[in-house]
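So that you can tell them apart, the chains are marked A, B, C and D in the order they are listed, and the count of residues begins at 1 in each.
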Amino acid sequence: MVEKPVISAAEAARKVQAGNVVHVGGFLGCGSPDSVIAELAKLGTKDLTLVCNDSAILDAKSGRKTGVAVLVENRQFRKVVVSHIGTNPETQRQMNAGETEVVLVPQGTLAERIRAAGSGLGGILTPTGVGTEVEEGKRKLLVKDKVYLLEEALGGDVALIKAAKADKAGNLRYSKTARNFNPLMATACALVIAEVEELVEIGALDPDDVHTPSIFVDFIVLSPRPEARA
Amino acid sequence: MVEKPVISAAEAARKVQAGNVVHVGGFLGCGSPDSVIAELAKLGTKDLTLVCNDSAILDAKSGRKTGVAVLVENRQFRKVVVSHIGTNPETQRQMNAGETEVVLVPQGTLAERIRAAGSGLGGILTPTGVGTEVEEGKRKLLVKDKVYLLEEALGGDVALIKAAKADKAGNLRYSKTARNFNPLMATACALVIAEVEELVEIGALDPDDVHTPSIFVDFIVLSPRPEARA
Amino acid sequence: MIEYVENKDVIAKRIARMFHSGDVVNLGIGLPTLVGNYVPEGVTVVLQSENGLIGLGPKPEPGQEDKDLTNAGAQPVTILPGGAFFDSATSFGIIRGGHVDYTVLGVLEVDQEGNLANYKIPGKMVPGMGGAMDLVAGSRVVVAATTHLEKSGASKLKRRCALPLTAAGEVDFVVTDVGFFQVLGGRFHLKEWFEPYDPEWIMAHTDVDLVVDDDSAACKDL
Amino acid sequence: MIEYVENKDVIAKRIARMFHSGDVVNLGIGLPTLVGNYVPEGVTVVLQSENGLIGLGPKPEPGQEDKDLTNAGAQPVTILPGGAFFDSATSFGIIRGGHVDYTVLGVLEVDQEGNLANYKIPGKMVPGMGGAMDLVAGSRVVVAATTHLEKSGASKLKRRCALPLTAAGEVDFVVTDVGFFQVLGGRFHLKEWFEPYDPEWIMAHTDVDLVVDDDSAACKDL
């Protein structure tokens, strides 16, 4: 197996270009590539399109800020494609002010659209959203007397994902609910950067227990868990 | 967690009714539920529709016979939906003689159609088969200037699958390339019977390493590996 | 004269009695989460959380929180023995594929056609649908959980939802703090009333097509 | 007068030189399998097998076969350190999603439009397409591997496939035992000829629209 380059979070952030469609893993911040996000915030790269489950948590009262929220706050996104913005009022403010375009996608549809892009499918037929505003502008198809929406594949330029562990070839394992969208995004973008907490030798992972095969990963960023840092 | 009933291979086979659409795991016999298949062959249940990667191996010269081949030989299928029959000449003989209907489906399309059924999708759009006989009778759709075939979900009545290990709740782990279609079929049928080589206590499997969550499995058949039998 | 007093626990208790051992249940954020506290002894339900787990357990002991183990509301949770983690496509395959028996959701409005609105108040609040649209479209049984009256005194049960729909025609049951309703044939059917409320009170405070079924009865022990 | 002698190893050797370290390669059953024997030293390719693995290794030692570890031809194989197993949907997601760099397939016919036929001879032999249709539709580069002439003396390279197609317009390169061809713009382009054959011989024995490109040359050291 070929080893994948291990780069710094700052180097990883510089691979994101202004105007890129960026997929970012995480669910309200759980399973987000926080080190790379922090560097991307420092760089301030603009005009990005975000594909993510949500715009994470930005809580003025508690001061809690997770995942991509800092990038929203920085106004680095021209457009966000997410299932939920309810825990980040700043996203809603920017939407209402016409500063940021917000496209709301049902969570399961978002997952399938990303998976479709990674799997070479043009799209999928889902019953979700039929009879709601979500169906507007979409093709409806009848299969065995049931109505489905045609939801198209949603790929991207760069995937910033987070895993618990990588081997040097780039095989990944996720931890618990920090898995979420990360394995899907790993398949759907031209460039895939995996931030991981632990890096092990090739051969240390059981091939039956690999969550994302190495061939999807282009770069590895090693960022130990906070409690494991020196 | 609720424990799932552990039944004999003979009891499992009796759950398959004449006329059923039966999904059977395995790739040329690797990862097939051989004990349940053997009992189903004994019962001789007729008029079944098979959904399987292939019609397995039936080699007159070497005498090698794997997976569902015995059921083909027994003429228990009215119809077989598979990607490949080249290693079982009896399937082709029955097809040419008009005894069995053979529907050939590209392997990746077969996998996605089964997954779609299990995931509540009406179907998927694939580029595979465009410009070939496979496109006959199917809807073609243009997405971002590329032509795709609409391939519809393919569910079933009973899934006969094979795993290496189950816990008593029905969580499954597969071994190596014996995984193949088994996890997909587990999601796509009304009744799911998992033949396993080893049964462990609830809690013995790491939740990060479960390949098929327990909720998909209705019955467990314990059938130790040949070399592990008394 | 019966005075309406909001009571979320009554709603949660009644919903929890709908389940049988082995049922796979998804509980939405907010009120529905309370349902988990009232599952009767001897009934083992399997809780699914759409962010990627089956076998949701109780809150962790203080200090035992794991940053990698949360529920769909980003709160720390645990997993029970026999649980499993999976990615979001698998999670919604489970949901959309009909492998979740019951989904329990909070609502802004629910109507007699089984329509449900809970993700958007145009021009005011647009949290997004999250997983709700898939849950409502895909689950075997959809239960709307809601207090019966708004602060204005209007019923949350409507003839026709005015807000953007989360899903059309998918709600099977509505449980409020005054009664248990089935949605069928374009009408609400009162199956149980929760004392001190009675069918007369409910009829008077619910401006919908409402039928009191012959087999309906008071449910006293909530 | 050059006499044609079938030579599958020449085909395999030349194809093996197309790869760079890190390329993901799927080798079809039969002739393409030979390619694995000739990957140049210092080049590490990642072999994918559509039945569900990446990191395909050599045949196991006798007695070390594992019934759960086979290739797509049901032969016992091994997996290299750093390999991974997955289900068939993931396997074809990898294939269809363009994550396989090279797929090498045997053919019954291949034509100057890039059409390929290898799964069916109507009324005679219908093995089925297996994974071939997905591999050809999805891989980044499709290489058809075939001996140049049929037993009848006819070329396997056609103006137009007569047999049912495995895929339309997807073939990028054809490597036979006489030369290396690119398929482009509705024509075969001869890029290399394998001695003792020369462009004249190839033109005479290949009834297609064939261009000998300016930069074409003999490939001697096969």
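Points to keep in mind about this one:
Here, a contact is a pair of C-beta atoms (placed from the backbone, for glycine too) under 8 Å apart; a residue touches a chain by one contact, two chains touch by 3 or more.
Note that the structure is a prediction, hence the values are computed from the model and not measured.
In terms of the stated touch criterion, the partners common to chain A and chain C are B, listed by label. Set against the C-alpha centre of chain A, every other chain centre is closer than that of D.
When the interfaces B-D and B-C are ranked by how many C-beta pairs touch across them, B-D comes first.
Chain D has its Cα centroid 29 Å from the Cα centroid of chain B. Rounded to a whole number, the gap between the C-alpha centres of chain C and chain D is 56 angstrom. Each chain gets one centre point, the mean of its Cα atoms, and the points for chain B and chain C are 36 Å apart.
Inter-chain centre distance (chain A to chain B, centres taken as mean C-alpha positions): 33 Å.
For chain D, residues that reach two or more other chains under the stated contact definition are 53, 79, 85-86, 89, 92, 95-96, 137-138. Each of residues 112, 115, 119-121, 126-127, 174-176, 179, 207-208 in chain A touches at least two other chains.
Chain pairs that touch one another: A-B, A-C, A-D, B-C, B-D. By the touch criterion given at the top, residues 1-2, 115, 117-121, 167-169, 171, 187, 202-203, 205, 207-208, 210, 213-216 of chain B touch chain C in their complex. Contact residues on chain A toward chain B in their complex (touch as defined above): 112, 116, 119-127, 139, 141, 143-144, 146, 148, 150, 152-153, 173-176, 179, 207-209. Interface residues of chain C facing chain A in the complex, by the touch rule stated above, are 49-53, 66-74, 79, 85-89, 91-92, 95-96, 115, 120, 125-134, 137-138, 164-169. Of all the residues in chain B, the ones that touch chain D in their complex are 27-31, 53-54, 57, 66, 82-87, 92, 95, 102, 104, 106-112, 114-115, 126-134, 164, 174-184, 211, 225. Residues of chain C touching chain B in their complex: 21-22, 24, 44, 46, 48, 53-55, 79-86, 89, 92-99, 137-138.
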